[in-house]
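Paired with chain B in one complex and with chain C in the other, chain A is shared by the two complexes that follow.
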Partner chain A sequence: MSTFTYYLSVLEDEPAKFKVRIEPDTALPMIREALASSKDLRYSPILPAFLSPDEEPVAPPTTPTSIAFYFANQPYLSLGKIRLAVLDQAERDRVFFTEGLASIVLLNCDYKRAEELQAEINCARMEWWRLSAGTLRFEDVVQVGKLVAPSEGLSFEFERSGDAAIDVYVEQIASSLASLWSCYVTYHPEELETLKQFVKLANELLAKVVALAEGEQTLANLRKRNAIISALVELSASLSYSVTQGTSGSSPILANKSPFPHHSLLGVGGAIRALTKFTRYLEAAFRTRSAAEVIRRQYATKTARIPTKISRYESGDLYAVSAERTDREEFDQGGDFRVENDIPLLTHFSLRHGFKEAKFSVTAASESLTAECLPAWTLMTLSHEIMHSRVRDILHVLFGNNWGDDDPEEQWESITTDFDKWYHSSDRDTAPIDQGIRNSVLNFCLAMDRSAPVAVRRSPSDKKLTKEEVLGAFRRFRRLATELFVHFHDYYFAYACQPKLYVMSLWASWTTVAAPGARPLEYLVRTLVTVASGTGLKPQAAFDYAVEQLKDGLDALEAVEVGSPLFDAIRSFLENHERLHTFSLFKPAYYLIDQIRYYFASPKIATEIDRLETDPFAEGSTVAEDYSASIYVYGSQGDLVSPIRYSLAALVRQLTANSPITDLQWLTAWNALVISSQEAPHDQNRFF
Partner chain B sequence: MIKTDFFNQPYVAEVLRTRNKNAAVSDALERLIIGRWKKESAEGDRVSVVVHHGLVPSLVPYHRSRRVIKNERGEEVEIPQVRKLRGQDHFLYDLLVVERGRHVIVAVPFHALAKWLFVKVDKILAGTRTEYETLNITNMVIQLGVQGRISRVTENQTEVAIVVTRCHLAYSDPIERKHNLEQVRLTGANLGATEIYPQLVDPVVNPKPKGTDLNVTPILLGFALMSDNVKKSGAISDRHGNFKVSVGPGLRQITRLFQLLDEIEQLEDVVSKTSNVPILQSGSIEGVE
Partner chain C sequence: MISLENILDMICTEAFEHGGVPEVPDHKHGAPLSYFAEKRDARGDMAHPERSQTSETALQYDLELVEDKKGNLDWLE
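Moving on to the complex of A and B:
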């Protein structure tokens, strides 16, 4: 541990009397003391805000005489504002930032000066503690700032359903929304619209569940009702997490203890805001063009030839991103097709789930609170989870179901009939594009299902595809097909098609996850086809190219001492006979990802993610190494840092051992501070 | 006449605006040099320009090799000069502070020296409501147009013009998402007069809808002030407020920089301010001669 991170601790010495201390390096001595004396300890990391190159920050006093807590909603901008014009160097050395809602902390500053700075920092709330020989009493806490009244209240129209089991969720959802609304008015006003959207969603779910209860009681009805109840449960749980993580640490600080023990004093509200901004940024970019609408209104009305024979598949210039292409990508043609009515994802940290995406929420690993700058816990993994949400929409439209259904078998009659006809057609025949993409997914699943050697050649009569066979293959390989869609979206949109960087990012993070260790070949093939996508090379050449990229990436990781026995395992799949087997799995996946690339690459969306014009660090390039973000640079009004490019550059600095400081907690909190302070993209307030 | 030790090489500079009284910045920065400022006044258009020159001691060498020059008295001296301070040999490097009212230019001869010294300058000026001036070079390119030149006739019937002398463009291709073309650099006396410049900056000057064309971003822009077709001053700037300027033996180039900045200020949405130390934001100006 280094001396950049300090811990602000409050130990309840007697009722309503607290010992306040600042300790360097580690919280363990304080914890030991609290355990020995059986007293309540709360603490949070605080980090010096103004660093200079090649200099250690000035150590804070162990027992400050006063502490001012500023609840700044855009602390990165606030620090930029006060840095040169307002603070002298002695004051700069006493300014710290946190991962809580009290995002800026100033030590040893009298009340008058604290108030002056509140105006400069532009925050609705400030809390000032006067300490006497390191002791704080309730009467020494001054809260400054009024309750912020929103222009309108939240229209609340929930009614009990009459079903006690469901009404439990009605009440939970309602009370969570009430807590969040009052907190977000002050601390996260951009998210008030999201809450309105969730009220609307909850009402729709309740109406559906009531209608189903009143309808004919069939098995199909029961399945739908269970799916909707499951959605209500998930919504309730996600909102509840938002309350416990997003509102703790609000003012008065001593009354709002955080559930995270290592952030128990100030909470993690700032880090939650960063997760939310990261997610909203991507959502806003994808809102530029609705994949569902493009499929429904454009791909359903256009025809194209989509190759049917994977064994003879050769890719080609059509799939390459080539300088000679002057026409627009298929996805960007036609009307505007903006997303008008999506449901934003709630975001929070999870100890149990780590990085995960669900219907209404996306979670980041709680390790990302302390070590986000390490490849295993980078926020870039969150982009992968958010892409899952986008891909789920795509697959729902292609396969005609939604989250209220579970592969209803009725529609599989027509899907299988279409597929069988297409499967046995010539490569010259055309089909509606939406049907063609769906068929290519099924074709991939079927090829993977049949990849195992067979003893006897299939007879002509066996070549007719049955619904059971197609559905079975789809169910067995749907997850892998979905991952290919997600990988392409992540690689193309978030990683801007940087193959070596993508390989390094994936495998640095997969060393800490169980699944790649259990199924290394699958993860290897996923990597290879992703970096091969867009090359337009014939499969063998594409495979060789991807293997080179993979080996380069793994070597680069090992050069900075990120290694794993997993790397040797996947290298072994690229040698001798194993290489042929790997190639046999590569080919169908390459076929599918080529179709995904051709129909879902979107320069329109990509430019919304890159934001080269407004990002002060972009330097006109999507190349992560060119990104000029610096921990010595602060926010300016009007700049819009792309959270994706910023996180990617932070990841690159770690992957190349090129970070100016090594304190993980400091770097993690800094990244969160920068991302949490970004202005919402302009079309964010789109609801209602 | 002040003659800096490293006068024959470009200096790295930052431009500041302060709300404090005249000479507040030079007074505050005097603690960085050994001894007192050597001062010289030069005539500006409206307000006089005062050049402050001093030598900053450094234990760290920022030069590649030592060499001999003639100073303003005609004596041969080896540069950088070396002075023993507190028992240790220190290298002495030029620090120029050029003030015109509340408009200030701080310049030193080496990029690495700037990275060290400008942070110290920033700490000294903390809390004085001083900010750094930056140029939006993308807007400059747009307003200079594909001809790379903008001119006007002054009250005394002189034609003054800003012309482009250097252009460093970054290319990003949202269509290909590939990096076949990443950067282009052009240098010349008047780039607008070439055939290639209009083609290269066309996507900046005449942008097409997002996602349909190359995204071209100016990273560095060199520009010169011409008065009746005579070059008066020139500078190179990045997007963050870092400048590279020639000082010359008579310091005329740097004192005329204010005139160039005045002309640039006439362009719409080009000049703005930042509280960030420019040299910590980008290293793209390093290595530009």
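Moving on to the complex of A and C:
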């Protein structure tokens, strides 16, 4: 803990009478007091907004005489605007920022000045509290602002289905959408379009469930109905999280308590906005080329030779990522395959799920509210989850069904027949690229299914497989194949193919996750093949290269005191006979990730992510490596901050122990503040 | 990022593959501990509810990992 972070607390002393205090360092004394007196306590961290190198910020008063709360939707830009042009030094010392919707706080400021600043900050809402000897009454709260009316309301066409079990979800979803709509109109207008998409989705789901109820009542029908109900439950739960996390802390503050106890006064709406902006930025970049459409309309109509024999696989220059290939990457060829009519991901925090992707949402670990600046909780991990959504789409197009399918057995029959023909084809034969990619995934899964070594070679008859056995292998190793797709997308698009940095980021975060401790070899191989992808080296050379990158990365982590028993465990897999075993698992995975690299690398999308020309942190450079995340840089209107590059630079700052300050909460909230102020993606009206 | 049409088709695929069992576990279908261990797929490796196990050989797949007497490991096919 450090004196950079202060806690603004409100203790209900008597009904409608509150004690307001600002405490440094830790909230524990005020929590102790609240427990001892059995009184309701609300508090939130507030952080000094304007730091100077080598200077301690001025401490705020313990009992301020007034507090102005500004509900600024782009607080980083607002701070940049008022810092020198509007505020004098004495005022700058009294400006704080938060992770709530009330994103900027000014202490000891009379009402007239507070109102003047509202116009400069450009926020729809402001709340001003007048305090008498640290006491606040309801009548001392002034709300300033107008109700913001959008040009149109939300067209609401939900009908009750007549089935009570379904109608529970209809009402839950409808009421969540109503809460979010009224809040977003004022605090998050860019997200109104997102809500419209969820109305469309919910209507489609309800129409299907009604149609199924009217159809023939079979077991297949029942399963489809259950799948829709599961989707409705998932959708309702995600929207409910959005309400509780995204709308609490709105004005009037005292009437909108947050469900997060350590942000109970002001909520986490600003941090939610940061997650959302981070996600929308990546979504906008990926929307420029739909992987599903490239597969359906480009890869299904072109043929190519994708290697079939993993045992003889050698990679090659074709697979190397290089500047010379920028205009020739397969994924970027052909027409303009934009994603149309998409469903954006809802974003929120989750203590239980941590970082996680599902069909309708991505979550960040709740720890990221306090310690996002630490490698374990960096928002860069959110990029991995967003890549899962992209890959979910890819694998669906390769292996999924649609509502016109009645017999998935037939589809699997066709897939295994194609695979058989492809596997036994000659080196001169070609096949449609979509089939080839699908076959390479199956090839990897079957290889993994045979990764337990045998001392005596199987007889030809023992090598025969039924289609159920092929399906079984696919089901067992689909998750691993998926992770390889995701790792490549994350490494290529978010980390700009920086191997040591990627290793450091992965293993710093995995020290806090249970699964790598349970399956260290799997996570080791995933890392190695990812940093080997794009080298074009032969498997043994690629393995040796990746091992060196891994060791360098782990050493660098330990040099800044990020360590774990896990590191010794994975190093042991790279010694003696264990190294041979690790290499044996590396080879099929390297084969697959090379194919992923060849068919899914997209300089067009990467350029959308690295739009550094107008980014204040890039200092005019368009090279990602030159990017800084200086805490002394302030934005101005028109600046376009890349949340990916910013988060990555902030992560590097921590991984290299190069941060000018050590206050985790301050750094975390500042990162959220910067990212939350990101301009909306250019194509926000894309849905219509 | 995923189109509405593809999202709907994914739900159909889930009906075929998992019979409608939810992806994100609740207390009935997956304890938090097993959820964290198998974070990506709460359904685990459950067998397909509709698959029969009686089909004939579909293909000859030759790849195998062979360990010789010196402990060397080679993929052969």
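One rule holds in what follows: the second predicted complex is superposed on the first by the 657 of 688 C-alpha atoms of A that agree within 3 Å, B and C clash if a C-alpha of one lies under 4 Å from a C-alpha of the other, contacts with A are read in each partner's own complex, and residues count from 1 in each chain.
Just so it is clear, a residue touches a chain if its C-beta (ideal position, glycine included) is under 8 Å from a C-beta of that chain, and two chains touch if they have at least 3 such contacts.
Bear in mind that the values here come from a model prediction, so they are computed numbers and not experimental data.
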Please tell me, clash or fit, for chain B and chain C sharing chain A in the overlay.
fit
Would you sort A:584 into first (chain B), second (chain C), both or neither based on which partner it touches?
second
More chain A residues in contact - chain B or chain C:
C
Just checking: does A:116 make contact with chain B only, chain C only, both, or neither of them? Give me first, second, both or neither.
neither
By the touch definition at the top of the document, which applies to A:568: first (chain B), second (chain C), both, or neither?
neither
Counting only touches as set out at the top, which of chain B and chain C does A:81 meet: first, second, both, neither?
first
Does chain B (first) or chain C (second) touch A:455, or do both, or does neither?
second
Overlay on chain A, chain C to chain B nearest C-alpha distance, Å:
20
After superposition on chain A, the chain A residues reached by both chain B and chain C are none
Along chain B, where are the residues that touch chain A in the complex?
115, 119, 122-132, 138, 169-172, 174-180, 182, 210-212, 215-219, 239-240, 274-277, 280-284
In the complex, chain A touches chain B at residues 52-53, 80-81, 83-89, 91-92, 321-323, 325, 328-329, 332, 492, 496-497, 534, 601-608, 610, 612-613, 616, 618-623, 626, 628, 630, 632-634, 636
Looking at the complex, which residues from chain A come into contact with chain C?
197, 200-201, 204-205, 208, 220, 222-231, 233-234, 237, 282-283, 286-287, 290, 292, 309-312, 339-345, 352-353, 356, 358-360, 386, 389-390, 392-393, 396-397, 400-403, 405, 408-409, 416-417, 419-420, 423-424, 443, 446-447, 450-455, 457-458, 460, 463-471, 475-476, 479, 482-483, 513-515, 518, 577, 580-581, 583-584, 587-588
Which residues, counting only chain C, touch chain A once they are in their complex?
1-24, 32, 36-37, 39-41, 45, 48-53, 55-69, 71-77
